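These are the structures, in structure tokens.
Each of the two complexes below includes chain A, the first together with chain B, the second together with chain C.
On to the complex of A and B.
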């Protein structure tokens, strides 16, 4: 077994799932939204990017690949990538606009149902998606023209690293901004946030859309890395694998989401070799779905175990306190007239109201 | 006109199949207060255990009853292991655990029985012809079984001690505990009842599909959710009504809008209910 190609494939996959997990972390980890339909945005991103970049119907490449799809625009891959994010964000906006006002587990059921509706549409509108057959000649950027096929996986990994790093930096910047604090206030105490004048539905919708856009980008990276797109890839278990990554990594922490994906992918990809274990070997011959099922059993058990024994994850979100200097300065200004000891005051007051209200005015 | 009547008959039967699972899920929500994503697997288990029983030479009715009891016991045991320790940890932990449990159970079934559908051992029954109408016996049987089960559940909730305890706990857990009702006993009884009904629901689903397969319960789950939420979650009588509406909705949609979408009509009903009337037609509590 060639270890290096395996590791390269594993890392690429982990980064793509990491991007999905970043999106879900923004929605659930930061804002507290129970999104059980994340796979829908991933699917929409993948199909958008594929259909925009496929060689047009009837072109030489189309005929050469013996393809059967109806729509291919032949646009450059970067455009497909960007529009995949836009599409993921728009679908999230649409789904979110109808359901973010729902409370907690109703939202979970609603998003789960919406994702199944999206999957149902993608399966049945096969003039667009080729349904269960899928489309197998999705272009891989620069392959064979600039980068030889032999080193292509390495180049793709490098590109993925750059893209994910940029998106990670932007996401962290967003969640550390006043806007990010407002999102966290929705998660921690929605009523308090509302009574302080935050428009919580708009905040939730924003988090939902940005998370959806990140999943859309992930869909694009995924489809171009495989060169294939079909509906069977976008089943609900994808959503829950992303949940597992977020919870395992430490929800609320963007770096945790990435780390969680890496750990998850290491575990799930290593179980591919279960089929080579001598004892399992015989069982596999009798029931070909034995090993794949065993993998899902392990994922399920891992999900249960993480929630039960390890709820804060590997990299827990760091506890946040008001910045002492800024707050104490303001306190001193406020209480200055009475000549009180402002600094000790600020250090002793409970920090909850401050974390919600500081400096992020609408 | 005939087509419409025909569709209504099938809609009624689909509603009957949904109603059992919906009532079971609603009962368990009433006491545990979380939406159980592993509930579909109780359906799958019920259907597979029945097939197994028949393969061991039992008669079909006996296999169904034994299967139901086994699923009931499995429900109690699984809840004791996986859900009871999390009861005070908030519903996210319970929700995610139930998803994890669903994957575990579904894939254990697949590991043992394989992914391919297995024929459900139903004897061939000649359909009746009423005028121009074509009435197969299976749907009629399903409606009869579902009605019978509903009556039993109703009698259980209204007249037995444990049924009254369940309703009390669902209404107000703290007050129920204060008046000396053992929460643990009620919880176990509810899990048994709701899982066993789910097992029977799975058998009816297998009768409709003439086959069992590992994903049958999981892919039926949203249809059941739709019925439960439409009726007002936690309310078994609402769940019966919701099932009827969803069953008719699926069959009317399949006949008159597009045959490709089938269950997706139930998802649309589900989403509409959540948007327009999130507490259902008959509001909570029973």
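On to the complex of A and C.
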């Protein structure tokens, strides 16, 4: 078997799931919102991006591909990508506005139901999605024109790496900001946060929408990587796999969410080769569903192992400590002018925007 | 500056003015099913005072706290802060109006550090919106610095420096009480409402807490405290409101209240 293409495909998939996990981590890991309908935002992003970028009906490309879909706007893929995020965020905003005030487990039920409604709509609105048939000629940007098909997966991976890295950096910036701190306070104790004056409904809605937007972006990346979009891809198991990635990686830690996706995808994809294992291939011949079933058993065992050995995930969330400079400035103030060691301590710390500077000390 | 360290609760330039009512509660009523938890309670908390709220178990003290802070809504009656009606506002709006509270069982943010718990109390932060947090402009950075230096002061004031970086789920009960006091102070309140600050706290720490409450009050913050520890109330408060069966039974100085026949009966006789 060709190992390199397998690894490239695996990494691309893991990054796309990583983006989904980043969104769920913002919603659940940071804000404490139990979202069991994450796949809906993924689906909305995928269909938005596909329908916006497909060659218009009746165009040369449409006829050449012998296509049957109704809607294609032929817009550039980057526009489709951006609007996929917007669509994911808007749908999340819409769902969130009606249900984000629900307390934890009620929100879980509402989001799960919402995802099923979205899937049902996508299945039945043939004119829009071609239902169960799906749409199979979703454009793949620059393919054959700039980048030869042979190296296309590598180029797509490189692009995905860049996009996910940028979105990761933005997400981390957000969660480390005062806004992220306010979100964590809502997660830890909503009533306490309210009694400190936090507008908790708006905070929850914001986190929910941004999480939905990240899932929308993931949907776009996915549909263009495959060149195919159909509603059967967006089943509830996707949501649960993202949950597993977040919990395994370390809820509340964005890097953990990415790592969790990587580990999870490595396991689910590698288990495809179980059928090739000498001892198991006999069983496979007699029972074709043996290997697919075994994959689910492995994922279950993995979850048990994580909960047993890493209850807070592989990369747990770390509580934020005061910066050294703030503390040493304090120490200096206490010991007065004689405190020499504290001053050198402070001078060693690099200047960052968040640091308490000496001028601001009382 | 030492002055800032000894009274970090204060808003400068807000001297304690004698007889003005900062909090005015009038005819407050709340029933849960058939039970009248609060039945027409009226009293006032003078600006700059430490006022105690006492009463036997089930007198309606905690419900009254929840009514004033908007956690539950009253069936009837009004609550005013410096003349401004608070009735019907959400808990967060009431907090932003200048009322900070602690809970009987401290409600800390367990997975956040002591440091972050304090900073999370900071009010009016331009960096606390989605775009403000992403962009983090000059105003947001300045506010963050101000909050950090204040939190640093409070860590020292409350003796929590050693646990600053620890997740607060690891704190002792007493440390949690101190932390929730500090976090409430971070909101720079006009009125601080403390629900049994000394319950389940040892003698030494109780004394520390009392000293800190006095310091905060000296800095210009009005304090309303519910407490079962009669001794503490009598030593700490200049005014005491006694509740019994959902209404205000007596109101006055600790001495007056201690010698009030009705209060003695409610507490000792129990023959109502």
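We take it that the second predicted complex is superposed on the first by the 302 of 362 C-alpha atoms of A that agree within 3 Å, B and C clash if a C-alpha of one lies under 4 Å from a C-alpha of the other, contacts with A are read in each partner's own complex, and residues count from 1 in each chain.
The rule we apply is simple: contacts are C-beta pairs under 8 Å (C-beta built on N, C-alpha and C of every residue); 3 or more make two chains touch, one makes a residue touch a chain.
Computed from a predicted model, the values in this text were never measured in an experiment.
With both structures placed on the common chain, the touch criterion links A:29 to neither chain B nor chain C. Once the two complexes are laid over each other on the shared chain, residue contacts for A:37 go to neither chain B nor chain C.
By the touch criterion stated above, A:174 is placed in contact with chain C alone, chain B being left untouched.
When the two complexes are overlaid on their common chain A, residue A:299 makes contact with chain B while staying clear of chain C.
Look at A:194: by the touch rule set out above, it reaches chain C but stays clear of chain B. Of the two partner chains, neither chain B nor chain C is touched by A:211. Once the two complexes are overlaid on the shared chain, A:250 sits clear of chain B and of chain C alike. Touching chain A in their complex are the following residues of chain B: 34-35, 82, 85-86, 89, 91-93, 95-97, 99-104, 106-108, 110-111, 114-115, 222, 225-226, 229, 258, 260-261, 263-264, 267-268, 270-271, 274-275, 278.
Considering their complex, residues 170, 173-174, 177-182, 184-185, 187-189, 191-200, 206, 210, 252, 317, 319-323, 326-327, 329-330, 334, 353-354, 356-357, 360-362 of chain A touch chain C.
Those residues of chain C that touch chain A in the complex are listed here as 1, 4, 69, 71, 90-92, 95-96, 100-101, 103, 107-113, 115-116, 119-123, 125, 127-130, 132-134, 136, 140-141, 143-146, 148-149, 151-153, 155-156, 161, 164-167, 183-184, 186-187. Contact residues of chain A toward chain B in the complex are 34, 98-99, 102, 104-106, 108-110, 112-114, 116-117, 120-121, 124, 237, 240, 243, 247, 287, 289-290, 293-294, 296-297, 299-304, 307-308, 311.
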